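One chain, subunit A, appears in both complexes that follow, with subunit B as partner in the first and subunit C in the second.
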Partner chain A sequence: MTLPGADENVLLKVEAIKKYFPVRGGFFQRVRGRIKAVDGVDLEIQKGKTLGLVGESGCGKSTVARLILKLLEPDSGRILYNQKEITRLTERQMRPIRREMQIIFQDPMGALNPRMTVGSVLQEGLMVLGLENKKRRERVAQLLYLVGLPDEAARMYPHEFSGGQRQRIGIARALSVEPSLLVCDEPISALDVSIQAQIINLLKELQERLSLSYLFISHDLNVVGYLCDWCAVMYLGQVMEYGSTDMIFERHMHPYTKALLASVPAREPGKGLPIPLEGDVPSPLNPPPGCRFQGRCPMVEERCRKHEIDLHEAGECHLVRCWKV
Partner chain B sequence: MGDSNTLLNVAGLTVWFQADGERSWAVNGASFSVGRGETVCIVGESGCGKTVSALSIMGLVKTPPGRIAAGKIMFEGKNLLSLNDAEMQQIRGRRIAMVFQEPLASLNPVFTIGDQISEAITVHEKLAPEALRARVLELLRAVGIPSPDERLGSYPHQLSGGQRQRVMIAMALACEPDLIIADEPTTALDVTIQAQILNLLKSIKEDRGLSLLYITHDLGVVASIADRVYVMYAGCVVEQGEVGDVFLEPRHPYTKGLLASLPDRARRGMPLTGIPGYVPGRFGRPVGCPFEPRCSEAEKECHIEFPQFLDWGKGHMARCPVLYSREKRR
Partner chain C sequence: MKGDKEIRHRPHWFEQFLEGWSVFWQNPLGKIGVTLLGIFALMAFSSFIPPLVNPMYHPMTGVDPEIYSSVGPSARHWLGTDFMGRDIFSQLLAGARIAFMVGVSAAFMSIFLGTAFGMIAGYMGGFVDTLLMRLADVIMVLPTLLVVLILASLFGQLNIWTIVLIIALFRWPGVSRVIRSQALTLKQRPFIEAARVAGASHIRIIFRHIMPNVLPLAFLYMTFRVTAAIIIEAALAFLGFGDPGTVSWGMMLQWVWKTGHMFKALYWLLPPGICISLITLSFYMIGRAMDEVLDPRLRREETAR
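Showing the complex of A and B:
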């Protein structure tokens, strides 16, 4: 796949990655089917940039994140980090690279140990790095300052904080080991609007200061439009359209991208209701033949029902998976 | 709005909850109204009292720990707060129905959706089995459930999230209410499904001449569905008016801050103004403006007094000490 920029600018590259989850059932727990969670996804994350991954629930965006972090083993395909293949590395070989890639989650309360003080949460990663006690405490103070929390926070427990503050702790923990890539899996979805803005501002500020690269997973297209440089639209385990954020928002070609954008309510009053996309997302256990989107596509044709189609170039730095294009 | 066109008028509603020996004022003198055929939104962040206000109307605030300490809820000339349980039963579900955020939590997992919609009808009306079935099918058709005959025997877990919410709406419509209160009905749904439900609610409202009180935190939803909007913060209404006026010319610093917090493509490269500080969780009863601790425009007087609403015409009002004293000086 050829997408933007020269290879040395690419921090992480994913090629034709697949992950099927077996579904077992019956008396002998035989495999009854496979959920095609991720079915041939290609992505690139450039150094210091943000790639947005959007799609509805169940489209496989979180599975992609877990594959990239090697929290799940892909069935096939390749993952390259800094042009080095990491797909088949052992746990031990993976360890130095794990430090480079960190994740923040949607629900920071679920991701923080309620019995550990914030200070010890932040020190854990530093202990793995082999930092001595005094250095660790200095670093914790630095991290808290970096994410805008007071020094006293180190002695407090996660339940003593509000949702937005907890997400700051999650970010501080991810940053403690000085990663280059931060995977953000719906980091603001559980937060109130005024707090969302604070976290978005913080993420932007940290990106500039620490030249981080982000994989930003979200179902909120407004946030993605604001924050991301590149954007991939996923549907049922496949990337449907891929390009710069401007391209995706203004010159999109895939009917799904169009429908997704049209279903976001406009913030200006008087624009009327969002345009609905009919039907529900089909089960990934039994995706429709041909194009994955054919069952809900308003422009469906005979060939869409019969033949699968690959992502192909529709313009400079713009990939689309649609027969019409 | 005290005219005959008003269906629901809530005045000075005050609700507190007692927990760990402390009183938390969930709703603090909130007033709002819904006219016939109108769609009114209450918007605010978590803990602002929007859900408790809705539950108070339905008579569903659990006492104790909660208590409706003051206020009136006038529905067609009757104060719902003075009704006894039996009288309230006649209103709840029949005249005012509610749709909740999480349909899976509101539906009973061991009964089919046909049974559950039938129950919603038979609580208020005696119908022969055939007539009942026909009515349920008609309701399922009205909310756009495909092949309702087959779906009648489905259990909630067999439906998608969007279909479950449609079933909830069908149950709300069962006794042809005058007012539907929808509490974050699309928050748990994907955007494409949210768009379906919003369109469904609007068409149902128009076809049946209902009024809709829609509670949400999503300003985009408010902009697209509301006629009028009430902005709540920490149990108080801080701004109200027609949706166009409130969104295009927000007056209260909280409303301004909320609108400035929204990220979108047009604001790329610019930091979001946002609102500093944190959304209050549990709170006492503030003397001054509840937003004062987070307000960038706050002055000394904000701590001491929380004045009446200032009116900019067409019912566009905001309650802000700074604006009030500026107006008085003029």
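Showing the complex of A and C:
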């Protein structure tokens, strides 16, 4: 799949990756079923741009992030980084490429080893790169300045910081090895609203300064609209709608995207009442036949229940997975 | 918290130690355990003194030239003598030294093995995990005492260090199970993923990220293992399979029983028996109090603050 007009400057390309987690049970631990966490996802991230990945909890957003970072092995599909395939690389072969892609986590406390000082947390990646002690220290000071923390922070432990400060440390660690791509796995959803804005602005500022690319995973649509150039809406392990952020926000076509956007609280009370979706997300262990969204779709038809449909072009820079488009 | 500023500039481990110690000391179990252990440590250290005072107080070879049978307590022999005129009090002091040696070294070795195997099994998972844990299961179901007895009867008298080694080799599986479960939960924490993304090798992750986080638990289990090691050694010695070249409390009990003084010489029977009970009790109480330090959920309201 290619998005029209998005073929040049592609930093990361994900083609039809799938990840099924086996569910074992019974006396002999036989595979009883498979959780289809990611079921054929295509994505593209351009140099210096941000791709937003939105969707409800459990739709496979974080699994996509871990597949891209090769923390999980995909079952099928391809991942290309700078036109180089990295899908089947071993841990050892992967090591030189590791520094190019870093991650920021949702839970800033769990992301930092409680028994290491901030200084040694930040030095970890540099030690792996083989930098000498003096250079590492200089870099740590530089990094702390970059994310707006005082120099003394290097000697302190994670529990001495607030949530927002910890997230800054997490960002500094990710930046320590000078990556080109930063995967942000819901970096702000565990923070206070007042802190969220600070972190968002920091991310935006860093992107401009260091020409970073982001994969920004979130379920906060306002933030995605503010931060992202491209946007992919996921539902039950599949991308439902994919396009430039303007397209997704202004001219969305998929009923699921409509429902998601409608559920964002309106600025003016009384206007744009949300259309609540019926029912819950079906289990990825046993997704419905046909379109994944058919059970909850307000515009469902007979063909939706029977036949699956691929992402198809619906306009310039715009892909949709729906029979009605 | 009061005095926030000054505490903040202390090193982290020291601050944590002080905090842990205050919780530990507020627990009566911890207080009693540490006091008891202090007394035994004092006994072990002073075990060198009696032979210096007079060679007849040597616990193994020193014989009172005027006494040929077991005699009750006197000013010359505070706890009396055994069947050939050796001083029971100095034997008791020497026994404390042996108990510490056996307990701590066996416990240390088994903790070392258990932590290493547990961390590797938990972190690597899959085939390695299955292999190590099945091995642990096999060893865990073997009755330690019986195996040591069989080995002793096959190879004759066992050296005290051989006994220590055997105890260690048979007592790591329990520890490794606990450490493995801890490693399994740590493995899922984002900071391990972050280390992997930074390109850290498995060995680096195990030593720099997993180990510092499981060590407190390992030390907790060490106190329980000390107890077990001391009891096994005492049982072996009492049954007559101990190291005949050392004076342990189990050995003393064996001599009481073998020479037919079991209920005739309580001054000889009771001290080693009580000592074995109290030293194991003190390690156990220390372990329980440490448990409370490491697991805040066990703390009561007033200690939690």
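By our rule, the second predicted complex is superposed on the first by the 317 of 325 C-alpha atoms of A that agree within 3 Å, B and C clash if a C-alpha of one lies under 4 Å from a C-alpha of the other, contacts with A are read in each partner's own complex, and residues count from 1 in each chain.
As a convention for this text, contacts are C-beta pairs under 8 Å (C-beta built on N, C-alpha and C of every residue); 3 or more make two chains touch, one makes a residue touch a chain.
What you are looking at is a predicted structure, and each value in this text was computed from that prediction instead of being measured.
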Combined model on subunit A where subunit B meets subunit C, clash or fit: fit
Using the superposition on chain A described above, determine whether A:L227 touches subunit B (first), subunit C (second), both, or neither. first
Hey, in the superposed model, what angle do you get at subunit A between subunit B and subunit C, Cα centres, nearest 10 degrees? 80
Pick one for A:E124: touches subunit B only (first), subunit C only (second), both, or neither. second
According to the stated criteria, A:M101 is in contact with first (subunit B), second (subunit C), both, or neither; which is it? second
Which partner reaches more residues of subunit A, subunit B or subunit C? B
Just subunit B (first), just subunit C (second), both, or neither: which does A:E132 touch? neither
For subunit B relative to subunit C post-fit, closest CA-CA distance rounded to the angstrom comes to 5
In their shared complex, at which residues does subunit A touch subunit B? 56-57, 162, 164-165, 192-198, 200-201, 204, 219, 221-223, 225-227, 245, 249, 259-260, 262-278, 280-281
Subunit A-facing residues of subunit B, complex: 45-46, 160, 162-163, 190-196, 198-199, 202, 217-221, 223-226, 243-244, 247-248, 257-258, 260-265, 267-268, 271-276, 278-279, 281
Subunit C-touching residues of subunit A, taken from the complex the two chains share: 66, 69, 71, 95, 98-99, 101-103, 105-107, 110-117, 124-125, 128-129, 156-157, 160, 170, 173-174, 176-177
Along subunit C, where are the residues that touch subunit A in the complex? 8, 12, 189-191, 193-201, 204, 208-209, 212-213
